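Worksheet for the structure shown next.
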């Protein structure tokens, strides 16, 4: 309980603190994250038609997301460098809103979790979708970036409560 | 109108297409973007108290966001390399929800707009806040990443409609 | 003539020498480069069928090549950092051999030529094709990477002699 | 046999697919690759004389190749990040043609092979040689980049058939 | 003794040589390094007052140092890529001179020592302090960058002789 | 005078502040920096003998320094991305102490000075020398990193007072 009240990335003097994972055991870790890019129905239709023809919009965003996951520790100052063994990015049309759902899964056998890598993959894929459509629709919004589920490590299995409903 | 129906980053064969900006004139360009990190009131209070003491949480996220803006063309495949002349990141407590508003401004004299740089700055700052608080609050959500306003270039002044209200 | 006998990137003491381009005038520069990935007919057919369905093999290699062009000065020690305004990568099936021809075009208004950027784009796209097919065909060969044509700068228009025939 | 007909880096929907190596065992892996830079006899003589004096041309290309090997997963989208334990680059004058043979060896104890790292080392060293000689000889060609031999992993020892003769 | 007379990073032909660590055992390794930024008393007072208020000068330099440690193998050609498990940076006011002492500690379980990572962390933090104060005091000097202590690996515990006195 | 009392890289709230150079005029700028690596006479003799034979130690450090200068804005958070037009690194044996003097010159036509690039070039070259000799002499010290002279920009010509004497 007291433990819950401490920001692990800031030490007792309020200084940035990279968590020491030297003595944590190596276990298989998986994290799932997701996020949405909301856009006008016209833009959505352009992307989806594009996809039926050649699929390059999603292909570019997928590659950007995978590359982004690998750059996570270069982007986020207190993240540890990791050797990801798998990154997967999927796209789906949202049902309730006009937009695209981006899902990412990251995996490795290591000493620390990979949720930041999964979130970075989603964010970079979302920014890339935005970039490719911004001339048509500059009012898009990136929404709902969150961790959905994680497995492995000391905390074991964690699942976002509203994950089923979202 | 017809022009509006084309994705500029995909050519007529559906292939990824880096827009040719060689002949665009060099003008001063500014872009403003924003995004929110929603969190539990307890987490928000931890960050804000932290901030009153030493401020390192926001300091780390600010630096990460500035560095992220500079990495934009490395992260987003079809972005052009740019020489930003100014990046600014600000943080504020949200009034209606429990969370932090991140605002970014990017500026340069160049041949292409800097909204992707501002969006990247917001995204990386948001991911860094998430990283620093995730041990306490793994259910945070990054929301509402969008361009608020841009100036310069052929399109001139553009402002998001709901920007005043948000 | 005597000038032709000097390696510009090594000074008179045999030391690595970054050419000083401070006083060179800014002109529009374009460079075209190409290269081939030779592979078994079976592999070629796999890629081409893939391409007809969804095109991801070429899409990944195209993105990798564009990103590679932007990283040129990070990869090649004596290259100057540049702000490319356009990178384009195309793929075609070779007619005389079993393989893929990769063509790249790079463009900018700057003080130095962009042939190294175009060659880097071709090389990274070729390595990516290799990576994606190596489980099927580890004996592929990357061949014929060369500059085809360049325009702009003090030397003006240069065209490879055998370029028409190749 | 059926297995041979699948591109491992594209899934059944034609989408880019990073191979999951989480469960592959850690074994010592070595890969050898090579490539040639063909040039005019005059250019070759300039490099070789240079080398006798101070050797900087090869020294720069060697460093570039080693650094390139370390950047492999940043350049090639579906490559896994790896921790190379050894990279070696050698140069030799070709006997049958006017040019330089570049050989690279990469090594690590890991879950995936290092042939892409060795090929990247050769490619970046070749591009660097090209860059250093291009003012003298813009018609050079980079040829014959291929894997020569690899050891370790499930496939064990693999050797290119014509490797002995080349 | 004879062994002491060889530069391990240059082979018998005088060529750059990345040490092969494939067969070295994985042990826990720690390295401590330090360095000083000497400045005018007025500049020191500006930084320290700043620090009492909000601390951003040290916060920025700390983040830069941590990120620098992670980039070590990208900066120093013959360094191996490593997965640091902990980087810590501390700042203190020098007692005998007008300036700031920067101390860094790096840690991992791996096959090679981390003193270069610790030295890089100190150097980048020092350069960042310099950058932030250079408008006020362009005559600052970065001094005394050295390894203080290292543990782990074949050489075991090593401590700089004058470390106690400095 | 009052102006001298402000840290330009921290704003009035103590937050990290990237200086806005959008409206600064483009002028030719040059900066010279230097630093020393102090080592035992035995180590110095190893490097110098090495240098007479093949020179790879200095060649590697020179390349690392040039590449380091190009990475300056990636390493130092509040530095602007720049397009250097020339980087030069020189080495000399110190006369009064046992060690190597590293000198760097950086140049560009731009909106901001290049002293941080020159200091980064010196620092990375020094770290590389250290890395290559550390197995022989782990007690080396990097000393006296400072700006020697800068030209261009609003401040015009600035020269370090003791520069002549050092």
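Residue numbering begins at 1 within each chain, and the chains themselves are lettered A, B, C, D, E and F in the order written.
Note that in this section a residue touches a chain if its C-beta (ideal position, glycine included) is under 8 Å from a C-beta of that chain, and two chains touch if they have at least 3 such contacts.
What you are looking at is a predicted structure, and each value in this text was computed from that prediction instead of being measured.
Counting only chains that touch, the fewest steps needed to get from chain B to chain E is 1. Against reference pair B-E, the listed pairs C-F, A-D or A-C yield one interface repeat, A-C (criterion: more than half of contact pairs the same by residue number).
Separating the centre of chain B from that of chain F, both taken as means of CA atoms, is a distance of 32 Å. Centre-to-centre spacing of chain C and chain D amounts to 16 Å, using the average Cα coordinate of each chain.
Touching two or more other chains at once are residues 14-16, 54-56, 59-60, 63-64, 67, 71, 74, 77-78, 82-83 of chain D. Taken together, the touching pairs give a contact graph of some other shape, not a line, ring, star or complete one. By the document's touch criterion, interfaces exist between A-B, A-C, A-D, A-E, B-C, B-E, B-F, C-D, C-F, D-E, D-F, E-F.
Put simply, chain C touches chain F in their complex at residues 14-22, 73-74, 77-78, 80-83, 111.
Residues 54-56, 59-60, 63-64, 67 of chain F are the ones that touch chain D when the two sit in their complex.
Listed in rising order, the residues of chain F touching chain E in the complex are 4-10, 13-16, 35, 42, 46-47, 50, 53-57, 59-60, 63-64, 67-68, 71, 74-79, 115-116, 119-120, 123-124, 126-128, 130-136, 138-147, 150, 158, 160-161. Taken in their complex, chain A has these residues touching chain D: 28, 55, 58-59, 62-63, 66-67, 70-71, 82-88, 107-109.
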